[in-house]
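The same chain A turns up in both complexes below, where it pairs with chain B and then with chain C.
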Partner chain A sequence: MTTHMLSKRISADTPRATHSPARHPRPGVRPRRGATRTHPALWLFPLPAVALYIVFFALPTAQAFQYAVTDWDGLSAAFNSVGLGNFGTMATNDDLFHNATTNSLKFLLVVVVLQTGLSLLLALLLQRNSRATSALRALYFLPAILSSVSVAFVWKFMYDPNFGLINQALDTVGLHGLQSAFLGNESAAIYWVALTQVWAHTGQLMVIYIAGLQQIPRELYESADLDGAGRWQRFRFVTWPMIAPTTAIVIAYTTIQSFKAFDLILGLGGNPPKGSLDILSTRIYATFTNSQFGYAAAESIVFMLIIALVSVLQRRAVKLTQRV
Partner chain B sequence: MSNDAVGTPLNRRRVVQLLGSTGAGLFAAACAGPGAGSGGGGASSAAPSPAASGAKVDGGISFAHWRAEDKEVFKKIADSFGKAHPSADVRQDISPSNDYQSSALQRIRGGSVGDVFTAFRGAQFVDMAKAGLFTDLSDQGWRSRFDPKYIADGRSGGKQLGFPYQVVFNMPIVNKEVVDKASHGKAPEDWDSFLSLCDRLKSQGLVPIAWPGGEPGNAGQLFNSMVMNNAPSDDMCTKIEAGTYRCTDDWFLKTLKQYAQLRPYFQRKATGTAVEPCQQIFASGKAAMLATGSYDIAAVRKLGARFDIDLLSPITTAADKARYAGTYNATFILGVNSRSEHQQAAVTFVEFLSTPRVAGRYANGTKQHVSVKGVEYTDPDLRAIAPWLEKKTLPAPRFQFNDLDIRAAVEGACTAVVGGTSPEQAAEKAQHVVDQKRSK
Partner chain C sequence: MTSLSRRVILGIYALLVAVPLIVVVTGTFKTTKQLFSSPFGLPSDLAPGNFRTVLTDASMGHSFANSVIVTGSAVLLTLLIGSLASYGLARIPGRLGWLIYGFLVLGMAVPAQANMIPQYVLFQRLGLLDSLTGLILIEIVATMPVAIFIMTGFMRTLPRELYEAGSVDGANPWRTYLSIVLPVSLPSLAATAIFLFVIQWNDLLYPLLFIHDPSKRTLPLALLNFQGEYLTNYPLLFTGVVIASAPIVIAYVFLQRYFVAGMTAGSVKG
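Moving on to the complex of A and B:
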């Protein structure tokens, strides 16, 4: 039986591995007359949360837009309006920002692909509940409870070219040619940091995937077995579509986490880091430190837009892969 | 509660209106001019004079600084201060040096920490002065306790805003026995003899220079020695920043080529090495020089270095062309917060630190020279390098940069050359960043 035919059979015979949420009134849709009405006093309850949101999120965001069109240095009472000049400079005349953007995207790509793939693989291997799997889950989750600064210090010594564990191990087995300066290697430094990030957070995402996998009804697998599905086909036609929401969460979380890998970079590369380790978050911080608040605010807005754009593209990509 | 006791109906529309007007108000507040709130730049006010006023010194003051390694010594000094002024006490607010460089200004500006605070020489001092953080200490009688040579960097706009307290030498520290033996007791006086010394040290199986190329902050210290005699003027970094000098100028290219000549004398894969492993290599006697500064002497002693330590700066020119023997930095600039509610106590604490007895206690406890005159150095390392206080040294050039991105680009060119980039290419790239930053 070809994969195509099997796919058709599974589609026909197996309960659909899609979500069919119970019908609930959509938020924002006015309930029918006569239905239970919200007591007006209840509208007061979100007030504290809304106030906090406005003060600590909306207001600073609005201020960022305001500062972004000025040359404010963060110190003076006076400033000049520069219109969209900061954005123009960023687009055409700022190699440091372009370098940080490139590094961020390289970092993102490696982390999203490796971290998502590895966490899913570990989750598939460890989803059954037994003593051994519980112990292994705890072991893999362990780095997630360490602070990024601790992780950075541990890996800083791992990557040390002279005393570091990796080069010493390579030395011991005679693979001198593979020894590296790691973080001192201009072209590869960002990938080494990405590997550290993957090490630190894979266990955390594995737990999210395990939760997602354990929600999949057993009947779907039993039905697929009856249809003669193999391991890959069970994964392809049952598991993968059913963990779509989990994957979307994992990827979105990993993306945002990657863009904000600030403390790990500073821990490994110092403050400010070298150009080869400079990502957007550290670049913005460096610009603020350099008393260029207006320009840093403009960088922050572009950063926010890049995260939003990448997140939207990823969500679409995940949806597309699960439709095919 | 649609019709409450006050008689005002509260319905969904009113709540939405309430939220909307609150949001609009906050948005309007956000649209007030940046810097319009507290903390805009301002002139520094004059400080009360503790001796003259005779006012009671009381209140708890915060001392903000970045020297975690000095915490114990400062605690003892603060205890002594507390005994002399029972109504006052000093609390230390310590941040790691990198964080302090980045965020101290904003924290201290708030006024909740840093009644007494410190500043790095260079960009941070300039910014803090511009923000009006310092109290004018020009009229304090105890100002004369400091050596004028070292407190010049605490002046701004004709006022003495702060007092640089530490004097550190930002140049390589050396294993004196090993280097003396290899150089036959005569320190290299030109570039060729420095390279010969490195050759001899290498032939003995030693790492001639341990250099933390993986950490820009520490890697940049060697830059001071490399440019101090090569540059046409002493304010070379100010001129790079101003566009008067360029990274592609002959003198800077020569410096980069000399960095390239040093490649075989650094520890292997030096561009990836952090400072701690370098300290370890030096302390264990495997490296002859540690290219950071005298501030690392305490650290290598803690790691077990038992040999005599001295300072040695590479002379990058012919002997007769050398203008300086090394570089120093007068930093840890003590200032009194202009927004402090306990200014009397804060000024009195700085005055207390300026007494030779207290300054000596700090110096010997932390292995740092100080800018206070008449201090007796009892620590053997401080005594050993004390002659450098009298030698012709240049204030460390790297702190002339006020734009930290330009500094990173210029120093990064040196690191890139050590990593294998050609000097010309590294110079071009650095200059490109300088040009971009200048055009902003």
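Moving on to the complex of A and C:
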């Protein structure tokens, strides 16, 4: 069996969780004009959404670019254009921004690797439908519906160095050596928050993986069995390439979610968070509350670019692993 | 993988999820001392003292009402405005329809941090800061792209005959929308509603930006402020968590299918 053939299949029909592929009229294949004329009133339907979106979303997004080249403090009427000065400062002379970028990337790396791996593992174990698997899926999914502030408070207690559940449990079983200051440990704090993020969202991504796994045609496994494939080979040559589009979705979603982990950081690290827990989204907010509107806007543009860059790189990486 | 190791992995993960949640729920009936000395033990009595403290002294009851008002209005209005747009976009033929659709859903790729500053300035000028109306408006705007993405995706899969059935009877598009498309789209609307409910109920960013008046706080913002007030009084923090999460967890118990469908559709923004 060649995976080449498989990847062709995959690109032919990317799974969409809720849309049945039944009918999908495209612009080109519409019946000619006249057969069913577009009722003019139809144009009114998108109008409220489009109007709200332009005024309160699209224009503000464009304005962010305008602000980004100024030193506006958000209060005074007067401000200066500083050209690309804000970006220059950010690149060369802003330790807070560099620290936040590093923390964001550390956080992202841990969450993407652990969460993707764990959600796929759990999905593989729970892909068959039964009473027991449904109950477990429902339990695993539960943390995803809680607010991040709630999740943060749950884990604040787990991680509390003196009274926390983890250190107490380690104390009870006599493993004092493993006790930790958790969030108090400057160099490791961001990783503990990353674990909390994984705890909160693994179940959600597991469900996406289960949907993907259930779409793999049985026959592929049967023919793999005929070829004498073992468990690992079945996974490597059937499941993994067939699940690649889902993996791309899972990773892309996890990435955006990780960059946005604003609430979790504020809940666990305080507002504003201490340096060891500052990530890009909290940094932009801190710059903004510090009345540096122009500079915060510039940061937010770099933030968008970083997300876009990481997403493109990931797409490539996922494609590469599909090859044998 | 043997069935034993499968069971062990699934069991361990179930404990990892359940134990912290059980400790939090039972912790709401404990004092700090009881929680620290026996975090896993059942509470000795079900005294509602913590709930009274949190709901009245910390005025979380008030924040709860604000959250109900903001989320309730924002979910309904996003559904209404979004479903109207989705219906129009699913029926308008040609490139222009797709272009408008693309323009609207492009918003999903823009992180909130990218436009929140100009939005703040705009809302300040319009006098919409520190107002629940302003909060409702920004929640609608922020979730509109993904709502339209989910609902248009569904309505485009509806057979053309369904839309045309109406026009043969001489029904105008409005009638078709109300009496044919909306009823048929109910499962998709329900999933979208749940998705919006989870996002908007849990949102912290916009309340944090736009609300300074303590009497206008929504639950996540009120909860965040506990941090300073109650520092390590975990039973009170836990009580706040339980109050803030109760509506969503109760809804989850009864509407689990829609939660999974909605939150999956919302994340598969390919």
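The criterion applied here is as follows: the second predicted complex is superposed on the first by the 269 of 324 C-alpha atoms of A that agree within 3 Å, B and C clash if a C-alpha of one lies under 4 Å from a C-alpha of the other, contacts with A are read in each partner's own complex, and residues count from 1 in each chain.
The rule is short, and it goes like this: a residue touches a chain if its C-beta (ideal position, glycine included) is under 8 Å from a C-beta of that chain, and two chains touch if they have at least 3 such contacts.
Just so it is clear, the model here is predicted, and its values are computed rather than measured.
In the superposition on chain A, the chain among chain B and chain C reaching more residues of chain A is C. Applying the stated contact rule after C-alpha superposition, one finds that A:R131 touches neither chain B nor chain C.
Once the two complexes are laid over each other on the shared chain, residue contacts for A:Y285 go to chain B and to chain C alike.
In the superposed pair of complexes, A:L183 makes contact with chain B only, with no contact to chain C. When the shared chain is aligned, chain B and chain C each come close enough to touch A:A41. With both structures placed on the common chain, the touch criterion links A:S300 to chain C but leaves chain B unconnected. In the superposition on chain A, A:S76 makes contact with chain B only, not with chain C. Of the two partner chains, neither chain B nor chain C is touched by A:R218.
When the shared chain is aligned, chain B comes close enough to touch A:K274, but chain C does not.
By the document's definition of touching, both partners, chain B and chain C, reach A:F163. Note: residues 38-39, 41, 43-44, 50, 58-59, 63, 67, 74, 156-157, 160, 163, 266, 270-271, 285, 288, 293 of chain A belong to the chain B contact set and to the chain C contact set alike, using the contact criterion stated above.
The touching residues of chain C, when paired with chain A in their complex, are 1, 6, 9-10, 13-14, 16-21, 23-24, 27, 35-36, 39, 81-82, 84-85, 87-89, 91-95, 97-98, 100, 103-104, 107, 110-122, 137-138, 140-142, 144-145, 148, 150, 153-154, 156-160, 164, 167, 172-174, 177, 188, 191, 198, 201-202, 204-205, 208, 219-220, 223-224, 226-227, 232, 234, 237-238, 240-241, 244-245, 248-249, 252, 256, 259-261, 263-265, 267-270.
Those residues of chain A lying in contact with chain C across their complex are 14, 16-25, 27, 30, 36, 38-39, 41-46, 48-50, 52-53, 56-61, 63-64, 67, 74, 121-122, 125-126, 136, 138-150, 153-158, 160, 163, 165, 168, 199, 203-205, 207-208, 211, 231, 249, 252-253, 256, 259-260, 262-263, 266-267, 270-271, 280-281, 284-285, 288, 293, 296-297, 300-301, 303-304, 307.
Per the touch definition, chain A reaches chain B in the complex via residues 38-41, 43-44, 47, 50-51, 54-55, 58-59, 62-63, 66-67, 70, 72-79, 89, 93-96, 156-157, 159-163, 179-186, 266, 269-275, 285-295. Across the complex, chain B meets chain A through its residues 1-2, 10-12, 14-16, 19, 22-23, 26-27, 29-31, 33-36, 40-41, 98-99, 101-103, 105-106, 123, 127, 130-131, 213-217, 267-274, 277, 280-281, 403-405, 408, 412, 415-416, 419, 421, 432-433, 436, 439-440.
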